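For reference, chains read A, B, C and D in written order, and residue numbers begin at 1 within each chain.
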Amino acid sequence: MIEKICSLSDAVRDLVRDGDGVVIGASLETAIPFAATYEIIRQGKKNLEMIAPISDASTDMLIGAGCVGAVTGAWVGNVSGGLGHNYRRAAEKQIPHALDINDYSNFTIGMALFAGAYGLPYAPVRSILGSDIINSNPAFKMATNPFSTETEPVVLVPPVKPDVAILGVQRADAAGNNHYWGSSGLAQEAALAAERVIIVADEIVEPDVISSDPSRVLVPGFRVAAVCHVPAGTHPAPLTGRWQRDSAFFNDYHARSRDVDGYKAWLDEWVFAVEGAPGYAKKLGDRLSALKIAGSRNAAHANYAAE
Amino acid sequence: MADYSTQELMIIAAAREIRDGELVFVGMRLPITAYGVARLTHAPNAVGMFEGGVTRYAPAEETLYTMCDPANQRNAAWTTGLIQVMGHLQAGRVDTGFIGGAEIDKWGNINTSYIGGHENVQVKLPGSGGAADIAAMSKRLIAIMNHEKRRLVERVSYITSPGYINGEGGRAKAGIAVGGPAAVITDKAVLRPHGPANELHLSSVHPGHTADEVIENTGWELKTAPGMTETPAPGDAEMTALHQVDREGFWR
Amino acid sequence: MIEKICSLSDAVRDLVRDGDGVVIGASLETAIPFAATYEIIRQGKKNLEMIAPISDASTDMLIGAGCVGAVTGAWVGNVSGGLGHNYRRAAEKQIPHALDINDYSNFTIGMALFAGAYGLPYAPVRSILGSDIINSNPAFKMATNPFSTETEPVVLVPPVKPDVAILGVQRADAAGNNHYWGSSGLAQEAALAAERVIIVADEIVEPDVISSDPSRVLVPGFRVAAVCHVPAGTHPAPLTGRWQRDSAFFNDYHARSRDVDGYKAWLDEWVFAVEGAPGYAKKLGDRLSALKIAGSRNAAHANYAAE
Amino acid sequence: MADYSTQELMIIAAAREIRDGELVFVGMRLPITAYGVARLTHAPNAVGMFEGGVTRYAPAEETLYTMCDPANQRNAAWTTGLIQVMGHLQAGRVDTGFIGGAEIDKWGNINTSYIGGHENVQVKLPGSGGAADIAAMSKRLIAIMNHEKRRLVERVSYITSPGYINGEGGRAKAGIAVGGPAAVITDKAVLRPHGPANELHLSSVHPGHTADEVIENTGWELKTAPGMTETPAPGDAEMTALHQVDREGFWR
């Protein structure tokens, strides 16, 4: 077994490169490893292409910090707050700098990552017909369904292959094998399409915990480059069965990021002034404890015995 | 008659759009509460889907801030990926889809991307999320909006989510086989497409508002539908169900 | 909750119609509900189109019994035995009658069912290039990848939508919600592409067992038309954690089906002379007990609590 | 020197084709044992995939009759669907694929569908299964065959699984970017493609057999490769590994 455990700062330093196409999360509002968002900001990565269907406020934070050159996805904002102020400033006023926006819908970025993961030359879809997304993003091509006797337009979606996918999971072993439960959005497609995968695990377990249930594996370890143990590393996003969403945190970010100075102060407080993920957890203190899911509603047993 | 807020009326109007046994793309905020009310009243066999990958029968027991919150995962009918649930849309299996919007026009086209258009961005909105998919591929689309003149406009500056596009035959010309907005539920009224052009008409005015006021607050020359009426006030059974779903009185 | 429990004979009578496109299993060598294969033969269904990547000897049995008009799939034989004698007789000598064979590979029938399940107009693939499958099955169309600067041929696979999919699972509730673990082949795609789904459950459980683990659901109940409780209903195929494969049974079938008379005697013994699934289990007797997996290797717990 | 059966020699020859760290499409019977031997000797970090949806590191502990047997599911690295594992093939991530066959020709094309061709069926074989996919999309294909004149033919009557098709540039002309047979392991010899046309040549003869005998039993005019040699007999470490994998002596 090849050991892949390292600190998140090492993983980001070694595996996220300026200009990379990066996925953080891809399960929409859950399991977004914000710890990686913060670390990327701390290390001052530049010109990243952020790929996601919806990644709650993560993309907005990165845009404001000047890390992002392009957005390839369906949505950038703050799910409970509303608009993304940094996204607005970048798109409307080039603050902190201009941004390439490659418009997708959730389903079309999904099929793009599916095609990337499984080697399809492209994916033909029936969605975004009639939408200006077809016009504002030149990546799509129009075609006619050759299997239809009538003229039936279809949209061809080219594959998207991220350089790096960073995913939050409930548990992983030292070789990167991992378990995930709850809705997964596009996390598996994003990981399997990516060249490098970083797993941010709430818990590190022995290999036999993961191998006890191979149908719960999100990404097999042989596709994983690094495993980082960051308890509550998805905060303020939730993680099924582990952590509640910290909606107040999102709302506070939304209010303070309304202007540049407020955003910078927020960034100083929550990213630059804390020492990595452990410092962040320490700063959260009791607030984090309150978000911890204490109850126990275990999945029914599943037997894998073979004799 | 029951006492109710404007938002409670909107929720109940939305709930009435869901039919029993339907597969519903639920969305967050107001529609998820509407789904809960429908399940408890006339649509006990409706099924709700959330684009993150959740499918549920009974709505979650706690207040949700996002569709992916732990409470929406627990006791779900199915937690899976986005393609599995949105694939049901593309396969034509979703009966009713709900979306919101910042800007809608008289053909029911919705903009959640660029006010001013993408070449001349005045306000950058978050983008489609799943809205373009839900609008193109649900059999029946229900939009929820605040009724303001700047939001209900003659022509949206960018179509994120297609309604009837240019009116008569607009969807067919774009290659969309089915669907289109069936109702736009605002805080003042319900608009519905009417006639072969499918232009949105005033279908019912909420109690306490007048047709003139609604027309005044609409950015195009809003016509009234034949048989225009008052939106029926919530009934007792509907309000009881709503209070069961909205335990904390968030919408009161 | 709509109750969907019924006997397998009722489900086959009401939901499988002559001429239907039918999937039985679709997980390749595991979880094939042979109880349904036998019941279809007993009821004398005709002109079925059998759709599958690989369904071990199930399709061969149905062909010999005269139930099959067409095979749409990648493989018909007997996995541990070798060739399918009934398939050979039908294809080579039109015994018991002629057969339409629509050739696929496992991956292309997989993408056809994927397209059927999720409404894609078709699926472009890089496989079966250079194979005569493209020539012997006119369903495929050739195209050029419009995203490539070089001339790059791709194969377009049209959707396949079965009328009925019959799947074996470890457990289900009365409304058809079900749990499945172990490799699943194309079972989920086949079910979601199908108009009607019949679940053959090794065990019926209370609804809260299934809802305790929504990530283990193979097909949600709202897509299921009927649930049939048939313990060991996959025999002689295995079922992960529940039943071993009865390889001797497959080998015996292979030996006896070498000629028509031998096959007919086998059919009389194992299908017509037994009274449905309970009679079959009774006839197996101790042999079935020996195949039962008695050990316990449970999956690690997974918490879904939300508070 | 160790005592070994022909099949044991074939297994060890197959094991030698697997390199450390590779992703291997394993298949059943002989290759799965070869995979086990490779993992225990020179390729401890190889990963094995099975088209039913199983991915494993260490091979299963019990004898398997099919790739989906309970013993292959237990302690797997990943149990999932067919598209997820075969998608790795199409994405170009599979290094080595194994298939068997009823008929192979001098360009390494394999027929497992129709002896006599599909218009004039003499023998109906089971069909492709995953073989066509593995042959088209693995970076390196290893075929396992019995060495009989009727099986190693000038030209297969139906190409289920493409080799080099018509020789030089055959795969490129068909639009296949990569791959092709790297070795054909029979019970008498190892054949490998040679020269720009990639025609299969005799590369090594198993101990106890002669080149003449191999040529005699081949249905085309089999040429010998430069540097043709004897297949190295199994070493002690290889035999120890094989005995560990093949506990019941199935291949002895």
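Heads up, the rule we're going with is that a residue touches a chain if its C-beta (ideal position, glycine included) is under 8 Å from a C-beta of that chain, and two chains touch if they have at least 3 such contacts.
All values derive from a computational prediction rather than experimental measurement.
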| item | value |
| --- | --- |
| Result of counting contacting C-beta pairs for C-D and A-D, higher pair | C-D |
| Most distant chain from subunit B by Cα centroid | D |
| CA centroid of subunit B to CA centroid of subunit D, Å | 56 |
| Averaged-CA centre spacing for the pair subunit D and subunit A, given as whole angstrom | 40 |
| Geometric centre distance via CA averages, subunit D-subunit C, whole Å | 27 |
| Centroid distance [mean C-alpha coordinates] between subunit C and subunit A, Å | 36 |
| Residues within subunit C bordering two or more other chains | 119-120, 125-126, 152, 154, 181-182, 184, 188, 212, 215, 240-241, 244, 293, 297, 304-307 |
| Junction residues of subunit D, two or more chains touched | 54, 69-70, 73-74, 76, 79-80, 83, 89-90, 137 |
| Touch relationships between chains, expressed as pairs | A-B, A-C, A-D, B-C, C-D |
| Touching residues (chain side subunit C, partner subunit D) in the complex | 27-31, 53-54, 56, 73-77, 79-80, 83-84, 87-88, 90-92, 101, 103-108, 110-111, 114, 125-133, 135-136, 152-154, 181-189, 238-241, 243-245, 247, 293, 297 |
| Residues of subunit C defined as touching subunit B within the complex | 1-2, 116-120, 177, 188, 192, 208, 211-212, 214-215, 217, 220-222, 304-307 |
| Contacting residues of subunit A [partner subunit C, same complex] | 119-126, 141, 143, 145-148, 152, 154, 156, 158, 170, 179, 181-182, 205, 209-210, 212-213, 215-216, 240-242, 244, 293-307 |
| Residues of subunit D defined as touching subunit C within the complex | 28, 50-54, 65-70, 73-74, 76, 79-83, 86, 89-90, 113-114, 118, 121-133, 135-137, 158-162, 165, 170-171, 174-177 |
| Contact set on subunit B toward subunit C in their complex | 23, 45, 47, 54-55, 57, 60, 62, 69-71, 73-80, 83-84, 86-92, 137 |
